[in-house]
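Lettered A, B, C and D in written order, each chain numbered from 1.
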Amino acid sequence: MAGNSFGEIFRITTFGESHGKAIGVVIDGCPAGLQIDLELIQRDLDRRKPGQSAITTQRKESDTFEVLSGIFEGKSTGSPIAMMIRNEDQKSEDYKHLMEAFRPSHADFTYEMKYGLRDHRGGGRSSARETAARVIAGAIARQLLKKEGIEIAAYVSSVGTLHLEKDYQQLDLSKTDENIVRCPDEATASKMIELIRETRGNGDTIGGIVTCVIKGCPVGLGEPVFDKLHADLGKAMLSINAVHGFEYGSGFDGTQKYGSENNDEFFMSADNKISTKTNHSGGIQGGISNGMDIYFNVAFKPVATIMQSQNSVDKEGHEVEVKGRGRHDPCVVPRAVPIVEAMAALVLVDHWLRNKLSKI
Amino acid sequence: MAGNSFGEIFRITTFGESHGKAIGVVIDGCPAGLQIDLELIQRDLDRRKPGQSAITTQRKESDTFEVLSGIFEGKSTGSPIAMMIRNEDQKSEDYKHLMEAFRPSHADFTYEMKYGLRDHRGGGRSSARETAARVIAGAIARQLLKKEGIEIAAYVSSVGTLHLEKDYQQLDLSKTDENIVRCPDEATASKMIELIRETRGNGDTIGGIVTCVIKGCPVGLGEPVFDKLHADLGKAMLSINAVHGFEYGSGFDGTQKYGSENNDEFFMSADNKISTKTNHSGGIQGGISNGMDIYFNVAFKPVATIMQSQNSVDKEGHEVEVKGRGRHDPCVVPRAVPIVEAMAALVLVDHWLRNKLSKI
Amino acid sequence: MAGNSFGEIFRITTFGESHGKAIGVVIDGCPAGLQIDLELIQRDLDRRKPGQSAITTQRKESDTFEVLSGIFEGKSTGSPIAMMIRNEDQKSEDYKHLMEAFRPSHADFTYEMKYGLRDHRGGGRSSARETAARVIAGAIARQLLKKEGIEIAAYVSSVGTLHLEKDYQQLDLSKTDENIVRCPDEATASKMIELIRETRGNGDTIGGIVTCVIKGCPVGLGEPVFDKLHADLGKAMLSINAVHGFEYGSGFDGTQKYGSENNDEFFMSADNKISTKTNHSGGIQGGISNGMDIYFNVAFKPVATIMQSQNSVDKEGHEVEVKGRGRHDPCVVPRAVPIVEAMAALVLVDHWLRNKLSKI
Amino acid sequence: MAGNSFGEIFRITTFGESHGKAIGVVIDGCPAGLQIDLELIQRDLDRRKPGQSAITTQRKESDTFEVLSGIFEGKSTGSPIAMMIRNEDQKSEDYKHLMEAFRPSHADFTYEMKYGLRDHRGGGRSSARETAARVIAGAIARQLLKKEGIEIAAYVSSVGTLHLEKDYQQLDLSKTDENIVRCPDEATASKMIELIRETRGNGDTIGGIVTCVIKGCPVGLGEPVFDKLHADLGKAMLSINAVHGFEYGSGFDGTQKYGSENNDEFFMSADNKISTKTNHSGGIQGGISNGMDIYFNVAFKPVATIMQSQNSVDKEGHEVEVKGRGRHDPCVVPRAVPIVEAMAALVLVDHWLRNKLSKI
């Protein structure tokens, strides 16, 4: 109800503020008997963590997590899995000057108004630091999905106006992590990195797009009419900090198409499975997965904290100037890749479990 | 859990199939004491109903609803409000030839696989007929919102490649219903109507975009971190049949911007309210409404049923040809306008109620 | 949230008032493919319906239900199952004199205060008429459970101070419906019927106890720590009108026992199953069914409406006298038997489905 | 869904096992701005903690909690409040001999069967140690309730066949904590303590009853028809380890009464409030609080672990003898008093928040 839980069956609740004692997550509903590889969790955390490269924020967090409950002798027990990360590098004094001022396009103003008070240190609960908790939970979800043959891979497809022109089918997604911007096309990646460096040099930030592909999803996931698979994927992505748009399959381009162009004809594939020749449906029909690849785009606005002076007001309504200090990302998409994957995994595992109940 | 409910506090559950006995909705959580104008409900139903103009399906449904419970002497009582519409014009024989075949880009195949059986008549539960139930509930939600000064207006901003170039600020949204395509710019509307007629003439269908604007929303609606206001709006829109994309505020365009361009500076407005000079945030910051206008775009793919022959397979995996009979819309966006408004109202009223609990 | 839904997966929402147009239920989450025998639903409704015997209210309702959605060719489709009963014998004028007065031990006062208004006709939503909707849903749940070998049987074990001294193991529960009080021991039944007749003759009402037994429940149902099987059974029973107590297994008597008396030792049964020698646990250990019989008692207070004059106050706080008119039950337990069974079935089917998700 | 959360708005999720690293709780939905006194939390924890007196288990836990998130400068922020207690005195070796054997009337067997594996150390998740997390959350709930004038007091009213004959109105509930058995009548308390000592001396355990009284509850709490206030109180109590029964108001005794005896007539009290002369309704009518005192009884069976030899079987179905080692309570009710209060507070605060939404 208060918005800090996600999922119906594989249900997570995250807690913690950017500069509080710890952030963490409780997973209720992970089936018992799942072998959990803690190193895979750490790997995804490392892909998300600050300070990992020259083009991310320089905040230093080891992001080492601790298992508090729910795992016994390497396996999930069916009891809640609680995990947490202690915050280390809390330079709260960086934020003292912001106690009173509202940073433009941040959540300062809306939190203050909604709750009547706020933990101003580092953005408190509104900080993207909270997404580390999602990555932990997502990394467990992925292990369950992997056993079922479902694989999720996201990558950066745009930074500013630099757009990767190839479709995911033309890319080798295993190369995504080979460069610091997480674009699997090396030539485009270089340009993106250069653009981000230049943007940071100007004390500015820039937006981008993350594309995500899910392979191996069985037919049947998604619960019409409201919990359509793409509706839950959309909500999951839009719940990530800075996301302003979501499209799947033919997406916004599809609005310009005729039905005769956009429809996906069925045929029997070589392995005798009912398949579609094209996949403008993005692997989902009527809100239910159809066995084809699922793919979607997630639009990230530029990070709001810039190192330039901006006009604003303070709590009392006085005009003030604010300028980012702290340590911030010039472009969020490289670190967003594991977050998009984690949220996709959480949606998929939840619907995979829900679908077990669809028929007698 | 099974996906037919929406909302946390103002919670609706819809029921009914396209060619079953009736469709309907139960609203649990409408506060007691709301004066309900039944004519306003019928008005929205009429805006959605089939056969309303030359560019919609010719199925004839009066879409007259009946109140079964929850309203006494004109007011909500706090008990569940149940309403239903009996289906009238059920030409199920139009669908007999589809008992076995899977229509391309329809939900036939996925429903059959997920549930092991399906009500094939008119698409059964997957038919957009279900959205009439949402419109009923949305029309009640709007009446509560209106008392609070919150107004919702949607309109058609694109049909195919025809795009309305003006922003909503440059339009008179009271004119939306003055033409059958529901585009408030008369010149563009004429072209859109012509394009839809031509498309229908070709036995084809075409996609489009609905834009929605919410004015008068108070500061504070939205529940971080997962139930951000735009995340719930996104899910609501993506749950509407044929929707493939959602963006709010600067949306996908914002991914190409610098932070210095995209940020919304705060200032004190003439009426001494904290406001933003620009509104790339689309009225939502950190997932919470900031008091500015909320606006978003919803992308509809072309309707899947076309009057042209297409290749497909049947349940047994035999190749077949299918061709739409029945009565279908050549373009869904004109009738989608009240559906988008209804879903927006349901999200807003739910968050308006949730926000009452945010502080002591 | 507003309290008119029950169950997590097999989730029902009931609607309707005693003297409104109709009462009904929507079931969301019934798995597809369940063969549904509508006559079995009617049979349970007939066991609950008013006017069925000399010791129940004489209100006449045929309680014929209509299926609105979710069943196709005799089977559940996985879509919401909506069913309703039109109200027929609405003598609302019987209640006119109660528009302003609050009947003692009724919900009149609390509804008026909570909602600011109320549908006073026949108790509106607070009437036990609502339980007909539960019986419909429960009758479907029972059909699913029966396929799994789970059988539920309730009976009247007390009326006033008349208590059936035999345990359920000493009774033939197939005889429960052979008399109008629904007590499977003929001698006790006769006395109970006599007591109820006498009570009615005095213009009074009397309380009683319903005992319920569930056989064939597999090991594993129940979700610790909050949704223990007996906790959900308890809530289900306490949600029935007039219920003031619930106990399972050794219940209140067990509080007087030593552990050495009350513990159930395990042994291997003749059919090589892990069983317990005694069953003070009532078939549930740690909140999870252990495969033994589940049994519990449900305490019903005397019906509040009596045909005697009582002191009360009206809305304005004036002292008034009220006296039941209308048509009421002198003792609720005979008609409560199918309601207890229905609620038990709803809990069991929900937990049976939930338990499918407990391990990989 | 998996059962480790409780409450709809003030929603808690507990985690942790008896002999794992920690136990804890996340509260989502505590309104912002609540001043939280951490010492009051510790006080309730101390009342529940093991080793507090001669008649409780001798396990030593300081039960010192740590706040992880959600409180800033002494106040709730509207973000999730996470708190945890590290486990200290884990003598897991006490349980090694039970790895394979199923203790009679424990959850060993049902957990093993439901989840396919179990954390056998100290009962793992099924241990009453989990209730410490509930007490933390309940202590916060109580602080919110106290501001609203709602006070909750529980006490021991029975141990075995020793029953406190006085009603709560005849007792001074401020004396409850003056003796180690928590019975406010000194004479009865002495006998109870003696009985528990004697029982422990015999290597046995004994059951009892906790009575709880809620004063100052406003009219209007409770959400018919399923989430009646007493139904949620009943579920809350039945979810506590070892509870086998719940009754409120006239309870099981009321089943023996006539309506003319049991009904509560309304009158205008001295302070001009609509009140009832008697209170057999237990402060709740139609599932909604009526402003009178709420009171109920909770039945606890004797603790299952006894220091006597008992017959059982092991995982392979071999007959074995088991005998309690470890450190256990001879009677659970003295330590159950703060747990009953905590669960009552959680139900009340949740319904207090829900009731804010009942009317326009």
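Just so we're on the same page, a residue touches a chain if its C-beta (ideal position, glycine included) is under 8 Å from a C-beta of that chain, and two chains touch if they have at least 3 such contacts.
Please read all numbers here as calculations on a predicted model, not as lab measurements.
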item: Set of chains whose contacts include both chain C and chain A; value: B, D
item: Chain pair with more C-beta contacts, A-B versus B-C; value: A-B
item: Separation of chain A from chain B, taking each centre as the mean of its C-alpha atoms, in whole Å; value: 26
item: Chain B-chain C separation of Cα centroids, rounded to whole Å; value: 39
item: Per-residue overlap in chain D, given as positions that touch at least 2 other chains; value: 1-5, 8-9, 14, 29, 32-33, 78, 114-116, 125, 357-359
item: Contacting residues of chain C [partner chain A, same complex]; value: 1, 9, 29, 31-34, 78, 144, 147, 353, 356-360
item: Complex interface listing, chain D residues touching chain A; value: 1-5, 8-9, 11, 13-17, 20-24, 26, 28-30, 32-33, 66-70, 72-73, 75, 77-82, 84, 114-119, 124-125
item: Complex interface listing, chain D residues touching chain C; value: 1-6, 8-9, 14, 102, 104-107, 109-111, 113-116, 125-126, 130, 158, 160-161, 199, 202, 204-209, 219-220, 222-228, 230-232, 234-236, 238-239, 244-252, 254-268, 272, 274, 276, 280-282, 285-290, 297, 299-306, 308, 310-313, 317, 319, 354-355, 357-359
